[in-house]
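Here come two complexes built around chain A, the first alongside chain B, the second alongside chain C.
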Partner chain A sequence: MNQEMTVDARGLACPIPVIRAKKALESIPQGRVVVLVDEQAAVENIARLAGYMRCSHQCAACEGGFRIIIEKPGSGGEGP
Partner chain B sequence: MKTDWKAMMPPVVIITGAVLGVLGAVLAWAGNPPNMGVCIACFQRDIVGALGLHHAAKLQYLRPEIPALTLGAMLAAALRKEWKGRSAPSPALSFLLGAFVMIGALVFLGCPIRMALRLGGGDLTALAGLAGFGAGIWAGTLLLRRGFSLGRSAPASRVPTLVLPVLAAGLLVLLFLRPAFIFFSAEGPGSQAAPVLASVGAGLLLGALAQRSRLCFAGGIRDLLLIRSPHLLVGLAAALVAAALTNLALGRFNLGFSGQPIAHTEHLWSFLSMALVGLGAVLLGGCPLRQLVLAAQGDGAAFCAIWGMFAGAAVAHNFDLAASPAGVPVGGQVVVVAGLVICLAVGWSVRET
Partner chain C sequence: MNAERLPGRGGPAKEPHMATQGQCDLLQLTEHCGCGAKLPAADLREILLGLPASHDPRLLVGPVTFDDAAVYRLRDDCLLVQTVDFFPPMASDPEVFGRIAAANALSDVYAMGGQPLTALALMCLPSKQVPLGVARAIVHGATEKLIEAGALLVGGHTLEDPQLKFGLSVAGLVEPGHILSNAGARPGDMLVLTKPLGTGLTVTAAKAGLAPASLVEEANRWMSALNRAAAEAAVQSGAHAATDITGFGLLGHSWQMAKASGVRMRLRAGQMPLLDRAIEFASMGLVPAGAYANRRFLDGRVRICEKVPLALQDVLFDPQTSGGLLICLPAESVEKFRQAAAGQWECGCAVVGQVEEGDGEPRLFVGM
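So, the complex of A and B:
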């Protein structure tokens, strides 16, 4: 079942946005996690996490920062 | 999906680490203290001494690398539109953690950069520090996973972010003017310095590269533990290898445990003091180098951490906590243990839900 979660990590210091995003991704079998951050460094770190978790992601600027949408595929798509 | 090696090992991080290693070895060859071509903690401590805030007569010099690094990072951040004011969510905690990181570094005799430069000079006594650094970072990652956070920062005015670069420029002016109220060591490590322009150039370059690459020695081990990503650790490895190769080329590589410059052989205290540095750095969000870069680009929390480090340096030398090649004073041992307990308590109790 596809699930969607939103993680508001704006204003949190490195690497807490990554930890919150990872927890959210691990909590759903498959679906979408939307992460809100407000620093370019956090965007890069979340993108790296998505790659490690074998998830696709896209990032767009939004009011007050960036919105990263991570798609977690179903079984067999998760990383090591 | 194939492994993205460029994301795992970013060239800019490797280049920054390598430049740091080479410059660290070269600046020591050019006059800076041995295996101390660059050290954020030692150099801040020397500046604190030069300003008369501690009285260790052999450790007083307005090290230009620190203000130059600050200015280099600020300019790089401005060019990338990353120079922005951000509020400090927990200024007192940032200050406290910064102070403990500094005291830990002065008991070990070096920040994480100098730890790498010591290893790159063949100083195997730094291995205990590396192990402790890793242990402290590991403990910090457990606390982060549990929910530790200093809180949320918010965008703020850019005006206060001018304070640090203006102070940095002021220190460079004082170095050139050498007024009577600034202390300069006549002997000891404080009297050993590379040519000022070489130090300024190296500092500017390192600051810009560190801002661009986001190099962080604590982040290297932390991110390997948290997300299995070596993208920052490769910077530490590059610094170590580059320093070792440069020292070999300069005939300054001396492998062993004994007779190492500005180092002690109390391995337990090297381990525990660097555990304090690692733990404090993870809770702060970065190592001393990263804190300096973040402060330069306008981060209020890092700014508080930097002032904590300055205060920690004054306390460490005024209260006889800092180590010397002769060993670690009892006061330093007590404060390192107390610092570990306090940082663990802070990490355990301060959570953002």
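So, the complex of A and C:
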């Protein structure tokens, strides 16, 4: 089942946004985690985390910072 | 801003963690750790821009070459080396923080080929959060390192401040023939690095609770290690130049040395000594903000081969606290250096690149 979560990590310095995003991704079997951050370093670090956890991600500027959408694939059956 | 209780830059990241023995976890008191708190190199250049020049011939090494320490001629046979370094904690334990701060400050004197003599302590203390016993433990750790180095703590200065910071200003002497400045690298020299990279990444992982205690201890052991053996081996083996690797990362300090010397450098990323799991921490996104600032500063100044994986690049930009010396040695002297350093655990001998002719940017080429 797809789940969606939002992590608002604006105002938080690294590594806290990465820890929060990692916990959110680990808490769902598959689905989407939206992370809000306001530092470029956090954007870069969340992108690395997404790759490390074999998830795809997209980043866009938004009011007050950046919005990173991470898609966590299910563990079975839907690979390329 | 969200509702979380997190003040901005410079303020404490959380309430101090009180451990059972009544000590604070210093690492959780800070946003930027150790040399990762340095202002970006670009900002420093802007601050120093247009500084009224000192034309005193006794000043042999000043701010122009972005060197590790200043060198001033007292007599023809006796040169004064002066440096200062202080920063927020990069270790949880106050004694360890003190030891690392002292090793880091002393390192600037060693990186110039000098012997430290005296030190003044600088401490900024949030005294309502950090008990005086913790402050005493920091100074105690620093004093132990100074004794090991044969230097004396002769005074200091303390301030009430919202962010804990500690460091030392160190004075020492160097013989004229022994100066190891940033500006002496020559084409044909080999580049030798004496400590593993990845302390910034490991400290960030520790702050995130993702680094096992054994890895944190290993990083602390290296950060606490004096660069004395490395400097002595460098002087004995006829090194042309040296710098210590701190907040600007391996590539930032290499670039400064290449620029000051008017040369190019070719580095081999695959030959770098690394702390265990530093690459994995980088892959996970535990890269300190300072590493990104270092990368931005070096944009156009360094060319990195696409074969070098991103995580390994991150390690090369990682701000180091009390890192090793990067030494420029004539190729035929590498073996002599290796023998001089043999048996001294604080001084590794990894050949990580070489110096080439050529001025202008990019000055650094990084391959595997």
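Basically, the second predicted complex is superposed on the first by the 75 of 80 C-alpha atoms of A that agree within 3 Å, B and C clash if a C-alpha of one lies under 4 Å from a C-alpha of the other, contacts with A are read in each partner's own complex, and residues count from 1 in each chain.
Everything below uses one rule, namely that a residue touches a chain if its C-beta (ideal position, glycine included) is under 8 Å from a C-beta of that chain, and two chains touch if they have at least 3 such contacts.
Note that this is a predicted model, so its numbers are computed, not measured.
Contacts of A:Glu71 after superposition: neither chain B nor chain C is touched.
By the touch criterion defined above, A:Tyr52 reaches both chain B and chain C.
Of the two partner chains placed by the overlay, chain B and chain C both lie in contact with A:Ala41. With the contact threshold set out at the top, residues 10-16, 18-19, 22, 40-41, 44-45, 47-49, 51-52 of chain A are in contact with chain B in one structure and with chain C in the other. Only residues 1-2, 4, 6, 8-9, 13, 31-32, 204-205, 207-210, 282-289, 292, 310-311 of chain C touch chain A when the two sit together in their complex.
Residues 8-16, 18-19, 22, 39-41, 44-49, 51-52 of chain A are the ones that touch chain C when the two sit in their complex.
Taken in their complex, chain B has these residues touching chain A: 1, 4, 7, 80, 82, 89, 144-145, 149-155, 214, 219, 222-223, 226-229, 231, 284-286, 301, 352. Of all the residues in chain A, the ones that touch chain B in their complex are 10-16, 18-19, 22, 38, 40-41, 44-45, 47-49, 51-52, 54, 64, 80.
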